[in-house]
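Below, chain A partners chain B and then partners chain C, in two separate complexes.
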Partner chain A sequence: MTAVLRRINVVGIAAMFSVLVLWELSVRTGLVTFEYIPPPTRVVAGLGEIISSGELTTNLVHTLTAAVVGWAIACVVGVLAGLALGLSRATWTYSMASVDALRALPIVAFVPVAVLLLGFTMEMEIVVAFYAALWPIVLNTVAGLRSVEVRLLEVGRVLRLGHRGVLWKLRLPAATPFIIVGMRLGLSVSLVLTLVSEMVGNPAGLGFALLQKAQSLQPEQMFAYIVVIGVAGIVLNAVLMALARLLFPGQMAASGESA
Partner chain B sequence: MTATRTEPRPGVTAASKPPVRRRSAGTPMRGLIPLALVLLLWQALGNSESPYFPPPSAWIRALKPSLDDGTLYAGLGWTTLTVVLSLVLATTLGAVLGALVGSSRRMDRAFGPSLEFLRVLPAAALVPLAALILGYTMQMKLAVVILPATWPVLLTCRSARRSMSSVLVDVTRTLGLSRRQRIRKVMVPALMPAVLLGLRVSAPLALIITLLVEIVTRINGLGALLGQAQANFRSAQVYGLLVIAGALGFAVNWLVTRAEGAVAARMSGGPTG
Partner chain C sequence: MLETSVEPVGSGRASLECDDLRVTLAGAAGEVDILNGVRLSVASGDFVSILGVSGSGKTTLLRVLAGLQQASGGQVLCNGIPVDGPPQGVVTVFQDYAHSLLPWRSVRRNVALGIEDRLSKSECAQRVDEALEMVDLQRAADEYPWRLSGGMQQRVQIARAIAMRPSVLLMDEPFGALDAMTKASLQDQLQQVQALTNTTIIFVTHDVEEAVYLSDRVVVLQGRPAAVGLSLEVELERPRRQVATKELPEYLKLRHEVYAALGQASAQ
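Here is the complex of A and B:
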């Protein structure tokens, strides 16, 4: 019981809460006179408004669908590409520099290109989310496959595991924590880039809602959206980690990610 | 000396949780062949009138006017200025706050959750907010870029300070060093690798956020040019600007890596020299 209590960071939650109270008080007493900063209670009211009007659900579903679909495609393509680059020395030699060069392009700069090619559509958002999530996944898969200890591979040779045995029993399990890290990074990047593509291109979803609330001067609803976006990112990450622990308990524990 | 430059120092890799470090120096240039082939094929087979896929030579032609009247240089200048200024401010802020928060267990526990929440908040979500509060100004741009660029430095610095051996802190007391000396002779050298590691994550992030703010708000810079070109359906110009943004990203990465190498070399030679 006390162990559970100790794991909940009471001090941390109290600090967060006191910041909110301080914010509320300073706005109420007129200490902070920024015109467009509503106190937390008004933000909660704004959250209630967007929930009851149903727009939050529509926008949230739209954005999350685009981000997660793009990310899922990136997971498949990224891991396959990472396997090709990480397992074959020749492929790596003759294409890794291209991957590095493409990766150096700032991802946001791709949003205008995607808008140009695909217009203001959901597909555009998915393509942007896919592209954003692809690079961390590819790079981490390659890094994971290359991180396998030489001694482990020697053990595999002693046990006469063969190519497939080495891949399935040694290299992939060793690379799993790396791949999960890549997927986590990819998920948060694809969420951000989906928001951006909604701000710049497709007028739908959370990104567009943010702009709309700013332009129609409804800061409390905008703050509510910002909070929702932050929480959505945390929840997505937590779901992914829970799934990873469920599917690969051994590997995650070995990398110190079990708790 | 040169060997220590390319090898990550043990303390540095321990601080970075996802060990995505590659042997970038070892990536052979032959690997550029596929990219070059694609561009060549694009040039050979592409139709220069195509509204979607103009070939590379059209990109250069499309950029010529903005090169001649200097708008491209101005845009590059603004973007670079924003990135550099916000990186300097974010690194200072992140290092000081990280060292403070990491110096006491209680502080760390108290501010940890708030910092984590602010860190995961997507920077993109803050652009409309900052535009509303600060208006379409340079200050707004800086504020939006500084906030996300601070976290990597702050978090690495915090964990480095937390894992710093307490003997190191006690020694300064035994030697009777003043507060200033303690910071200059022990804290700064001990935390420098972590700060630089954070900076390596922050630098590309700062560039991305800067471009993002410029694309969304159309305040002067490379991103604003990109946004305008896209809105006017000048596809060749969009591709050209994309390449320039990539070159800028490459330059930023190169500079930060070089700076890190230089400092690491100097510090590893520090105690003897």
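Here is the complex of A and C:
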């Protein structure tokens, strides 16, 4: 509990609140007169509206489901692909040119392709989220497997750990912090790309709601959605890190992400 | 699992020997002969130090004995069996302890690394405790190694090696990166470990005092490519003491001889 409390940045939170107060004051006193930038209190009211109408829950569940399912599949596929690339010279030689070419293309460019193939569906969103998260996970897994020090592999030989032992006791644990970094990056891009696919493709979820609120001139609710999206990203990342610290305490502590 | 036991093959008569060992390594300027005609025979339970000036090939020799480096000619026999990769019953302790320990494992689990799959849980725990006790690390058992001092980290590596119950322990300048005080205390701890386990130890160092103080025999590598230039029996009484032993006339005489042999080596 004290560890959790210590992680809370009191000064940072205070600074954030002062900015919000400043924002509120400048709108109220007429210092700034943008018609479509409501003060924080009105955004809070907008949040109340979308909560009580129930649309927030529906949209939030829709978007998070698509993003997290796509990301989870990417975790499994990405780590396996990373293992194949990182452990087998032949796979690396044959595939790396394609991997580099594919990941260099902006992921957004694949959204219309996914819409064309799968239509305005949640499956389309999942595929986009999957594709977005795949690359950071694959590449970080490969980098992690390569990060094992030569000396440690010699220790493995001297202690006669065998190929399986070296993989499970040395290579994978050494790669774990890298894989976690890949998963964190993947999680944030899959959320972003899910929102994009809802804005330009499937008319559902938070992405579409954001667009709708802007077009129907309801800035309070639009800003409320922006806040929700931001908080969702923070919460997802925090949950992932808590899980990582729980499952891999040694690796996380050794890489400076102590519990 | 390849083996179910980590007991020495020759049960008690372990020895390591090599004859006419040659090693050529590929360097930036083509092939370099490192060792040429190294002949060495280490009897079971002996403590042998290998000395040489910097770059004389002592680490290379140890790596060949460890099965980590292929010889270009000649062969290494461990208990009479030709070495082709790290042999059973031979464990190497490296100088760079920080890179040789698994940072994500506690001290206890680092020490268990080589035996956890081969022994039952209780046997493994017992061996680990035993090894930690020998190097006086019980209290740090649940720490991560990177939280410990250099001397303690090196003791973790030594405990990991003795938990394997090796017949031969190969040590590559194990105390080279430590301060004088820590070094002296680890030397004495190593003496004790050897007295308890009767392990054969081959110890590479560039420290003449350390070599004479610890060894039954000091071997000096000379020449380029290197061969054994001097092989000197050290018949000082055991257990040896940091101050008393180092004041003995025999100790001083041996030390002098080794320095002379090294001086010759560097002059070449």
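Everything that follows uses one rule, which is that the second predicted complex is superposed on the first by the 250 of 259 C-alpha atoms of A that agree within 3 Å, B and C clash if a C-alpha of one lies under 4 Å from a C-alpha of the other, contacts with A are read in each partner's own complex, and residues count from 1 in each chain.
One rule holds for everything that comes next: a residue touches a chain if its C-beta (ideal position, glycine included) is under 8 Å from a C-beta of that chain, and two chains touch if they have at least 3 such contacts.
All figures in this text were calculated on a predicted structure; none of them were measured in a lab.
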Quick check for you: in the superposed arrangement, does A:237 touch first (chain B), second (chain C), both or neither? first
On chain A, which partner touches more residues: chain B or chain C? B
Once the shared chain is lined up, is A:80 touching chain B (first), chain C (second), both, or neither of them? neither
Output check: A:247 vs chain B and chain C. Expected answer is one of first, second, both, neither. What do you get? neither
Just chain B (first), just chain C (second), both, or neither: which does A:37 touch? first
Tell me which partner A:9 touches in the superposition: chain B (first), chain C (second), both or neither. first
Which holds for A:170: it touches chain B only (first), chain C only (second), both, or neither? second
Check the residue A:157 against both partner chains and state whether it touches chain B (first), chain C (second), both, or neither. second
What part of chain A is shared between its chain B contacts and its chain C contacts? none
List the residues on chain A that touch chain C in their complex, please. 149, 151-152, 154-155, 157-162, 165, 169-170, 173-174, 176, 248, 250-251, 253-254
Quick one: which bits of chain A touch chain B in the complex? Just the residue numbers, please. 9, 11-16, 19, 34, 36-37, 92-102, 104-113, 115-117, 136, 139-140, 142-143, 147, 178, 181-182, 185, 188, 191-193, 195-196, 199-200, 207, 210-211, 213-214, 217, 219, 222-223, 225-226, 229-230, 233-234, 237
Applying the document's contact rule, which stretches of chain C touch chain A when the two form their complex? 1-3, 66-68, 85-86, 88, 90-92, 94, 96, 99-100, 102-106, 113-114, 117, 144, 146, 160, 164
Touching chain A in the complex, chain B uses residues 17-22, 24, 27-35, 52, 106, 109-114, 117, 120-129, 131-133, 204, 207-208, 211-212, 215-216, 223, 226-227, 229-230, 233, 235, 238-239, 241-243, 245-246, 248-250, 253
